[in-house]
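Here is the structure we will look at.
So that you can tell them apart, the chains are marked A, B, C and D in the order they are listed, and the count of residues begins at 1 in each.
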Amino acid sequence: MLKKLSDLNHCSKDDFVAALANIFEHSPWVAEAAAALRPFAGIGALFAAMTTVVDRAPDEMQLALISAHPDLANKTQRATGLTPESSAEQDSVGLDRLSDAEYAAFERANRAYRAKFGFPYIVCVRRHTRDSILRDFERRLPNDAKAEMRRSIAEICRIAALRLDQLVASEDRLPVHGRLSTHVLDTHSGRPAAGISIELTELSDLGQPRVVARTITNSDGRTDQPLIGGRPVPIGRYELLFSVGDYFAGHGVPMADPPFLDKIPLRFSVSEPEGHLHVPLLVTPWSYATYRGS
Amino acid sequence: MLKKLSDLNHCSKDDFVAALANIFEHSPWVAEAAAALRPFAGIGALFAAMTTVVDRAPDEMQLALISAHPDLANKTQRATGLTPESSAEQDSVGLDRLSDAEYAAFERANRAYRAKFGFPYIVCVRRHTRDSILRDFERRLPNDAKAEMRRSIAEICRIAALRLDQLVASEDRLPVHGRLSTHVLDTHSGRPAAGISIELTELSDLGQPRVVARTITNSDGRTDQPLIGGRPVPIGRYELLFSVGDYFAGHGVPMADPPFLDKIPLRFSVSEPEGHLHVPLLVTPWSYATYRGS
Amino acid sequence: MLKKLSDLNHCSKDDFVAALANIFEHSPWVAEAAAALRPFAGIGALFAAMTTVVDRAPDEMQLALISAHPDLANKTQRATGLTPESSAEQDSVGLDRLSDAEYAAFERANRAYRAKFGFPYIVCVRRHTRDSILRDFERRLPNDAKAEMRRSIAEICRIAALRLDQLVASEDRLPVHGRLSTHVLDTHSGRPAAGISIELTELSDLGQPRVVARTITNSDGRTDQPLIGGRPVPIGRYELLFSVGDYFAGHGVPMADPPFLDKIPLRFSVSEPEGHLHVPLLVTPWSYATYRGS
Amino acid sequence: MLKKLSDLNHCSKDDFVAALANIFEHSPWVAEAAAALRPFAGIGALFAAMTTVVDRAPDEMQLALISAHPDLANKTQRATGLTPESSAEQDSVGLDRLSDAEYAAFERANRAYRAKFGFPYIVCVRRHTRDSILRDFERRLPNDAKAEMRRSIAEICRIAALRLDQLVASEDRLPVHGRLSTHVLDTHSGRPAAGISIELTELSDLGQPRVVARTITNSDGRTDQPLIGGRPVPIGRYELLFSVGDYFAGHGVPMADPPFLDKIPLRFSVSEPEGHLHVPLLVTPWSYATYRGS
C-alpha cells in the first residue's frame, strides 16, 4: 500500500490530498497547502514542507489541529472510533490492554491535562512505553499553555513523520527508526555464543511486564534481526534475559550444581528512540559483563 | 545459653547427656555413649566422637534414629509438636509459611518418599532453600533403601553439627558456616561505591521471592556484615539488586534520561553452603561486570 | 597490472603460461598443464586446477618444484637475484632487515634443514612473522622427509594462492585475506571513544619490535581501515598501544596525577592468518577490559 | 636497632638528642628543642613536636636546615660523604646507578634549581621514582623562593617522618606506608588463579626499566606479601606482567597456538605513595579486565 513519491509528485492535487489527509490527524489542510509546493526531491523535503505549513499556521489553526487528536487510552472514544492511524498507534504501545491501575492513571492524567489546558494531551506514542507516557504527563503538566502548544505541535510532527514513513516510498528515509541489538561473546571459549535463547521484556511500574521479543543467537552470537528495529525503540525500562546455563551445559562445560549463572538478566532503559542501542553480553560460567555499545 | 566445652568435660554424665540429648533428634543414647569418651580436646573431637557412635550403631538403631525425625513441612506434626530444634530449623527456611503450591509439592514428596522407604525424608534444611529441598527430594527418590539410609545418616550428622555449633562454646569451630559477600567498585570514578542500597532476595520456582537482606555499602564499598554469614549459605537461587541509579545521580554524574542503568540485578545460585561466595559489582553509569570472587 | 580472468580464459596458451609462470616459483609447467583445462568459472577453479596439477605430479617433479625455491633470508642468493615475487614476499616480513642475531638464527636453521632433507625450507612467509618462522623451523626439523615434502608442497600452494590473488581479478576471491580490527568504547561516558591514537607493533624475541600500523579512532571508536587487512594477518605476537590518558584529559575527565592509566598495551598473538581477529578495548580512567571478539 | 619510645622518653637529654640528631639532616637543634617536651604519648606526638619546632624556627634556621641537605645524585658529594640516612635514601630510588642520560638530567636540574634559589632542591626520594623526581623538579622550578622554602620544609618533614618510623618503635604508627597489591581471578574456571608468575617493573622515560618485585600467586590468587609494602609506594609508572599462558597451559585449558594471551602487561601509575593501590586481574584465555580496586 506504499505510495511512491514520484506518483505523489505527479498525481492530481485531489489525489495528493486524499493520500496524505491523515498524516496530520483529521487535518487535510496541511496536505492541501503542501500540494502547491510539489515536486519534492525526497520524503525529507515533503516532510519539511508539511511541517513548515503547520509551523506557520495561525494559532487557532494549530489549536484546531491539536484538538483534532483523541485522548490516550480513552475507552469511550475508542468505542466511537479513532482514525485507523491513531488506533494502530495506541494499540502498538499496549494502550488497548492496560491494567486497571494503568487505566486509572491514564484517566487521571488526561483529565488533569484537559482541565488545565483545554486540549488533549498529545504524545508520539510509538516512541514510548506506558510508563514513559505517564512520566511525560507528569513532567508536562506544570508547563504553561504556550509551552504545551509548542510541545504538542512538536509531538504531532513526530507522529506525522512516522505516518509518512509508513505511507511513502522514497530513496531517502526520514530518521525515525531506532535499533536495539545484542551480541553474546563466550569469553570462556573465545568465540561468539551461538544458540543462546534471549527474551526481551518491557517492564512497567503499574502493569505487567510484556515480552516484546524472543529469539536465539546465530553463529556470530548476534540475532538475525535486531531485537527492535524498523521503528522507534520506545523510551522505557527493559530486561534482556539470556539462558546461558543451558548454553554452557550444552557445550559440556564443567559447572557448579546448581550452576552459578543460569538465566542472566540485563535491566536497562532506552532514552533515545531513534538511536542505535547495543547491549552486548560477555560471559563465562562464572562471570559476565555488559555495556552500552554502539 | 552456650555451654562451655570445659564444663561439659567435667560435669556429671547425667548433665552431659541432658545437655546434648537432642543434638541427635530424640536420641540421647548417642550422648550417653559419647560421655564415656570424655574429655574432648575440642568441639571437633566431641562431634567426631558422637558421629562415630552413630556410624557404628547397628542398623536398627540407625533406623530408629532416622524414624525419630519429623516430616518436613507437615502441618499435623507441627500442631502436635516438634522438638524446639526441629521447629526452629524448619522455620528458618520458611517451611512454616509456604505457598499452597509449595505445601502441595512438599506433601507429595513426603508421601512418595515414605511410601517407598518406610521412613521420613531427612535433609539438613539450614543448608537449603525450599526449591533446593524439592530438587533434592526428586534426586534421592530413585535411590535404593541402603543408599538412602546412608544419606539420611549423613544429613542427620550435618544437622547435629549445626546444633552442636549453636550449643557448645569451644576454641575450635566446626566448619559449618559459609559466607556471602559483595563489593561495589565505581569504575567511573575509580573508588569504592559507598551508600549503595542492596537487596538480597531468595528466588523460588513455586513460591514468592523472599527478601533475606537489605543493606547499604560502607565507605569501602562493602557491607559491614556479610549478606549471609555465621551460618550455612542455603543452596538456592538468589538475586542481588543494586540501586546504582540513585548512587550516580547523588554524585552528579551525567546520565541519560531515564538513566541507562538504574537497579542492577545479579542473579546467581549458591551450591556450597559452607564456602565463601563473593559476588562483586564493577559499575559505571554505562557498564557493569560481576564474577564469582573469593 | 591485474589480469582479468576472462582474458586469461581466452588468450593464447603462451600468453596464459607467461602470465602465470611464476605463480609456482620457476615452474611454468604447472601453468602449462592448467592451460588445457580452460575456461575456469572463477579464480577458485583456476587455483584448484593448478594445485591438482602439482598434487598429481610425480615425486621428482615435486622435488624439483621445492628445490626451485630460494633459502629464506640468504644474503648470497639475494645478491644473485630472486624472482620479484620471492623478493617481495621476503621483504614483506622484514627478512631483508634482520638483526644480527636473527640472521644467525635463520642461517643455522636453513643449514640444519638443508643438511637433513637436501632441499630448502619453504614456508609461506606472508602468513608469518620472523619469530613464527623460526618456531616453524624448529617444529618441522624433527619430521621425516616424506612429511616435509608434503608440508613443503602445502606451503608452496599457499604461496601460489597469494600470488594468484594479487595477479588475477575475478568476481570470486580466494580465502587468503584475514583482518585485525579494534574498537574503543569509553564506558566512563557511554560512547565510542573517538580520536584515540593507536599503535600496532609486531613483537620479536630476537630482533627489534616493529611498528606495523599507526592510526586514530573515528567517531564510531573504530579505525577507518582495519589495522591489518587485504592480506593474511601474520602469525605472531603483537602489542596494541592505546593513548587513553590524552583522550580522557582532552575530555576534561578528572584523573589522578600522574593518571592511573595513560598508554594501555594489549599484548596478544595471532594464530589464524585468514581469520578475523577483533581486539576491542572497554575503558574508563580507572579500568579496562579486552577480549577476543568477532 | 629500633629504639623504644619509652626509652627515649626517659633517657638523658644528651642520649635523646644523640639518637634523633639526624632525623632532620645535620640539625640536632630540632631534637634538642623537642627534648624539653618529653614525655610523648606516641610516635605521632613526637613527630608533631619536632615538626612544630621546625615550623616555628626563624627563616634563617629553616634556610640552614634546607642548606644542610645534599644535592640529589651528585657524584662529588657522594665521594666526600653523605649522612648514612641520605645515602640509603638516594640508593633506594636508584640514584646511585643512573644512566648517563639520567645523570645529565639530574645535574641540569640541580644546577638550575640552585642557581635560581641558592639552596639545594629537596624532595622525599622514598616517595618517588627517578622519573617523578625529574617531573617534580620541572614543576617546582617556576615557583618563587618563598613557596619553595615552604615546599622544601614540607619535604624535609616527610623525610623526617620516614627516618623516625625506621628508628623508633611505638604502639602507634606514622601514616607513612603505602601498599601495592594484586589478585588474579581465573574467570574461566571460577576460582582464584594460583601459581601465576608476576613481575613488577618500574618504568622510566630516560633510563632502563627496573624490576622491583618477582613473585607467584598463592592459593587465594593473591601474593603472600604485598608487591610493595611497609614503605611508601613511589610515585611513578609501573608495569605488572602476568604469565597467564603458562598457567592455563598447566591446567590443560584448550588454547590457540600460539595462545591468544601469554604474558599480560598492566601499565599504570602510582600517585598516592601512602595509599593502598589494588590492581587485580580477571582473566580467561580469551579476555581480561583490570581496575583500580581497594
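As a convention for this text, a residue touches a chain if its C-beta (ideal position, glycine included) is under 8 Å from a C-beta of that chain, and two chains touch if they have at least 3 such contacts.
Quantities reported herein were computed from a predicted structural model and do not represent experimental measurements.
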item: Chain at maximum distance from subunit B, centres defined as averaged CA atoms; value: C
item: Self-contact between copies subunit A and subunit B, residue sets same or different by half; value: same
item: Whole-Å gap separating subunit A and subunit D, where each centre is the average of the chain's CA atoms; value: 58
item: Approximate Å spacing (C-alpha centroids) for the pair subunit B, subunit D; value: 47
item: In subunit A, residues with contacts to at least two other chains; value: 187, 190, 256, 260, 282, 286-287, 289, 291-292
item: Partner subunit A, residues of subunit B touching it in the complex; value: 132, 135, 235-237, 256-265, 267-269, 271-272, 282, 286-292
item: Residues of subunit A that touch subunit D when the two form their complex; value: 187-190, 256, 260, 282, 284-287, 289
item: Subunit D - residues contacting subunit B, complex; value: 185, 187, 190-192, 220-221, 282, 289, 291-294
